[in-house]
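Next up: some structures, all given as structure tokens.
In the two assemblies presented below, chain A is common to both, partnered first by chain B and then by chain C.
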Partner chain A sequence: MGGVALLLPFIEFKPNRVAEGEAFHLWSIGLTWEPWLLAAIVLTALLLGLSGEGPRVRAGKVAVGIALFAATLPAALRAGLILVTDQTPFGRVGPVSGFWVLVLATFLIVEGSLRTARYSPLLKGAIRALPPTIVILALATGGLDSFAMVQEYVNRADRFSQELVTHLRLAAGAVLAAVTAGVPLGLLAWKRRAFERPVFAAVNTIQTVPSLALFGLMIAPLALLSRQFPLLRAMGVQGIGTAPALIALTLYALLPIVRNTYTSLSVIPDAVIEAGSGMGMNRYQLLRLVEAPLSIPIILSGIRTSVVQAIGNTTVAALIGAGGLGVFVFQGLGQAAPDLIVMGVIPIIVLAVLVDRGLAVLIALVTPAGLRKDPP
Partner chain B sequence: MKRHIVPPLLFGLALVVLLNADLLEVVLRQLFPAVREVMYTRIPLIDLFREHVVMVLVSSAIATALGVSLGVCVTRPPGRDFLTVVQGLSSLAQTFPPVAVLALAVPAVGFGFRPTIIALVVYSVLPILNNTIAGMEAIPRELTDASRGIGMTPLQILFFSELPLSARVIAAGVRTSVIINVGTATIGAVVGAGGLGVVIVAGLVRDNIAFVVSGAAAAAVLALSLDWLFGRLETLFFSPRARVAR
Partner chain C sequence: MIEFTGVSKRYGDTVAVDSISLRVEAGEVCVLIGPSGCGKTTTLKMVNRMLNASSGVITIDGRDVASLPVEQLRRSIGYVIQSVGLLPHLSVRDNIAIVPRLNGVDRRTRYKRADELLDLIGLDPAQYRLKYPHELSGGEAQRIGVARALAADPPILLMDEPFGAVDPLNREVLQTEFLRLQRALKKTVMFVTHDLDEAIRIADTVILIKDGRIVQHATPEQILARPRDQFVRDFVGKDRALKRLSCFAVRDYIRQARQISQQDVAAYSNGEHDEEPVVWVNGPAGVLVGVLQRITAQSGAAALSAGARASFRMISLKPEDVGVAPMSSMKEALSRLLGQGMRAVPVLDERNCIIGEVRLPDIEELNQAVL
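And now, the complex of A and B:
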């Protein structure tokens, strides 16, 4: 795969924002030693791949994977410096297929060998954090400034942080509201069998409805309410904007939380509760020492699903005027400006992955030692 | 028995109202007396509905074929090496929002119907792949050993023992991906793929609630009826009898 990557176009150059890009191969940019270094690393990776198993080979693979990434990025960076000169002040470069295949190769090599490796979680985490660190360093030193995505960002830096905050606020607000409503609903469904079917039917139905449709369906009743009650209008409740977005996102976030709350209670064996009360625990102690530790990890993993989903759905909320990072995505789609699309999408993906990883670690930490299947 | 008749009647009624232009106009006029132009006239809703269904069916069919065969490949002895990598990649990719994948398809392949299909396939392969792997891994070794013991070839084991045993889990994955596809296809309107999203987006742009509601209602009914259909098929094919056989 690495071999193919070296032959694919590596980077493209555009004289300005809307012009058609011209793709360059790694060997035709005017780079001196970088292509050879990359080729050497790819060759080493191939040889390592053929040399069987074992802890040394594995460590070698991890090192080669990281080295591949550490060499790919500077190559793209230098290519940017060569291609964008003083004669082309609006020139910009963007990575294309060859670059992305190399990045994917890095991921596959590193992840493939880390998964089965018996390293400590801390070491694994540190290795996984290396590639992002390299990217951050490149961004911080201004090395990526000739990249189109970065230029789109620089042009909108203020707006970006503002929409990022809006995005986070919408997603967090929706999940908080969903937790406040969802945990009691899950409890209710478990304690009172009569509520089980209607509660699940309702939250399942909401999840099935397409997100854009749900946002759309929120608009009509809210516009009506806002017209009928001046007080609501004064509070900023309108057909479009934050209010319908927040309501729709909250409704959407309910299902995983309700379902996991319910599951978390139903998986506690009666015998465990009986053992607790047999030891003389009162109702409160049972809740604090037995039920809560057993169910909180499961509820948290429901929240994890909800948050990741909410971050994605908040993107769509931009269509009904609620703001958030989706603004850039849809602006980019509207102006047919691919770099702007990518600039909006990448932070959303990074956010989703970060939150997902972060909560995974938190869940591993709060899971009682006896329940852990494998160390985090 | 009676309970099973109510949902299809409701969905059928909703579809008749939504897809019959004359009826829809009457209903929308009643609902939104203040809106002057209640009907989206550029393309009839029924055509957009058909586009939407085609988009979902095509992408889900491709995704099912891809996901199941990939899942089968990585659970065979020669493909085992890739199992952990494929699992890692697909669980990472599943944290990507579907909208993000759709938006990224545009710089990669351009606007229109094709990139939407590609994005839908790429994203909806994941639940099917995950469930195929999970279904295959959950089969007790004794069962495949027994199949081998009675003289089945590996191919026979796959088709007559492993796939039937994991069909239920795979079907659940297909259901998930179809529902996600209906939702993502709605957003496909912003990348020029057509479908029911077109009316919703047109309504949002022109501040026309009637457009938004008719498109949103049609998309919602489509998703709900497909979900109901899958639920029924699951109980029909994987009845308690089949479960006992497991």
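And now, the complex of A and C:
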């Protein structure tokens, strides 16, 4: 795959924001030694891939994967510097297929070897953190300034941080509200059989409504409410904006939380509860020593699903004027500026991945050793 | 001592337990048995108030269980259930030490106690203390369950079909171990089962329950020998005579065995012997190696001729195939007898040397009482 990547167009140059780009191959940009370095690394990776299994080969693959990334990015940087000159002040470069395929190759090599490796979770985490660190370094040193995406960001730095905060607040608020409502709902569904069906019918139905439609559905009733009750309007409840977005996002976030709370309780074997109370545990001890340790990891993984979902769904909230990173995505769509879309989407993905990994670590920490089938 | 006086349990209109009175003496193993749904488990669960009696009084050593705080009551009673119910997130030693933990015993003392109990139930503490329930076999988990019930050294054990989910082979091992433990610990045990063989094996007294009432309360031997009515007779089955043999230990029926050593076989064969005794042959170090068999003369004429001398030859035996131990039951002795087609089985010590023998007529005599 690396071999193919070397032949694909590597980088694209646009004289200004909306002009048609011109694609360059790695070899035709005017780079000196970088293409050869990349080719050498790809060749090494190929040889390693053919040399079978073993901890040494695996360590080699990880190193080569990281090296590939570490070499790809500077190559793109240098290409940017060469292509964007003083004659083209609005010029910008954007990575295209060749670049992305090389990044994908990095990912596959590193992840593929890490999956079966018996490294400590800490070491694995550190290795995985290396490529993002390289990117951050490149950004910090200004090396990526000629990149289109970065230029879009530089033009909107203030707006960006503002919308990022809005995005986070919307998602976090929705999940918090969903936890507050969802955990008790799950408990209720489990404790009282009569509630089980209606509760699940409701949250399942909500989940099937497309997000845009749900946002749309909020507009009319909330607008009506806000007109009827001045107090609500004073609190900022309107047909569009934050209030309907929060409500819709909360409703979406409910299902995984309710479902996992319910499941976490129903998978505790009756025998364990019977043994616990038969040995003389009171209600509180049963909760602390038996129910909580067994159910909390499952509830948390429900929250994890919810958060990741909410971060994604919040993007759509921009459409009803609630703000968030979706603003850039839809602006980009409107202006046919793909770089702007990417600028909005990448932070959303990064956010989702970060939160997902963070919660995964937390879940691993609260999962009692006896329940772990294999190390995380 | 556990005593029930007129205890009933009703669910609405259905009566699960109907005015039961019984007494389990201290140090006794009392087995509750009966068809499923007869109320035996309900009866058991009223002792530690997993269920509360609708009427009547249950006392432990004279104290009404209803008057004690329920948690305190339960912590003073060991409780073993069929599905074990080990806490999956706790290690074996934390599972065993859970009741001491509830009682506020410090960690060091708790873990020491857990190791003692692992020793007691015959599992190596070094190997097992840090395992988790999902790493245990069914039999191991059940043993840990018993150890857990014993952790706070309660005088009373309630066992609700504890070996019911274990395969037959392991069940017998667990029963033997339970008997060994019980001989050492002398707990007052109430034990629910639907397996008559299990009841006969481990019970001091058996209570047969039907439709929430006690049908017969007696020793296993009495129940088999003198079933009170048709229900009991049907319940114990047509093979009750055979089952009853499980109540008797070989050590009470050992007779002197005739034995010669291997070198003397030829000499013996040439001697005069009018009857047909069972003669065991010992090899080196007195270990059983075979039995003598009479060879009748080949031709009919020779056999008929008066004064024909019997000759013998030795048939090799494997001690572990034919012998029984003094602790074995008479049922096992009979099954060995039938299996080998002999009139006696040798009773062997641990080194496979003959202690004595058990004879068929003795077993038949034992059964006279039933038939």
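As a convention for this text, the second predicted complex is superposed on the first by the 376 of 376 C-alpha atoms of A that agree within 3 Å, B and C clash if a C-alpha of one lies under 4 Å from a C-alpha of the other, contacts with A are read in each partner's own complex, and residues count from 1 in each chain.
Definition applied: a residue touches a chain if its C-beta (ideal position, glycine included) is under 8 Å from a C-beta of that chain, and two chains touch if they have at least 3 such contacts.
Quick caveat: nothing in here was measured; it's all calculated off a predicted structure.
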{"item": "Chain A as common anchor, with chain B and chain C clashing or fitting", "value": "fit"}
{"item": "Partner chain(s) touched by A:Ala174 [first = chain B, second = chain C, both, neither]", "value": "neither"}
{"item": "Partner chain in contact with A:Leu108 - chain B first, chain C second, else both or neither", "value": "first"}
{"item": "Which of chain B and chain C A:Val272 touches, first, second, both or neither", "value": "second"}
{"item": "Partner chain(s) touched by A:Val258 [first = chain B, second = chain C, both, neither]", "value": "neither"}
{"item": "Touching partner for A:Leu294 - first (chain B), second (chain C), both, neither", "value": "second"}
{"item": "First, second, both or neither for A:Gly280, with chain B first and chain C second", "value": "second"}
{"item": "Spatial angle chain C-chain A-chain B, Cα centroids [nearest 10 degrees]", "value": "80"}
{"item": "Dominant toucher of chain A (residue count), chain B or chain C", "value": "B"}
{"item": "Partner chain in contact with A:Ile363 - chain B first, chain C second, else both or neither", "value": "neither"}
{"item": "Per-pair minimum CA distance [chain C against chain B, superposed on A] in Å", "value": "20"}
{"item": "Residue ranges of chain A touching chain B (in the complex, touch as defined)", "value": "107-108, 111-112, 115-116, 205, 207-217, 219-220, 223, 239-240, 308-309, 311-313, 315-316, 319-320, 326, 329-330, 332-334, 336, 338-339, 341-342, 344-345, 348-349, 352-353, 356"}
{"item": "Chain B to chain A touching residues, read off their complex", "value": "31-32, 84-85, 88-89, 92, 95-100, 103-104, 106-107, 111, 179, 182-187, 190-191, 196-197, 200-201, 203-204, 209, 212-213, 215-217, 219-220, 223-224, 227"}
{"item": "Footprint of chain C on chain A - complex, ascending", "value": "269-282, 285, 289-290, 293-294, 368-371"}
{"item": "Of all residues in chain C, those that touch chain A in their complex", "value": "48, 50, 70-75, 79, 81, 83-91, 98-99, 102, 132-134, 145, 148"}
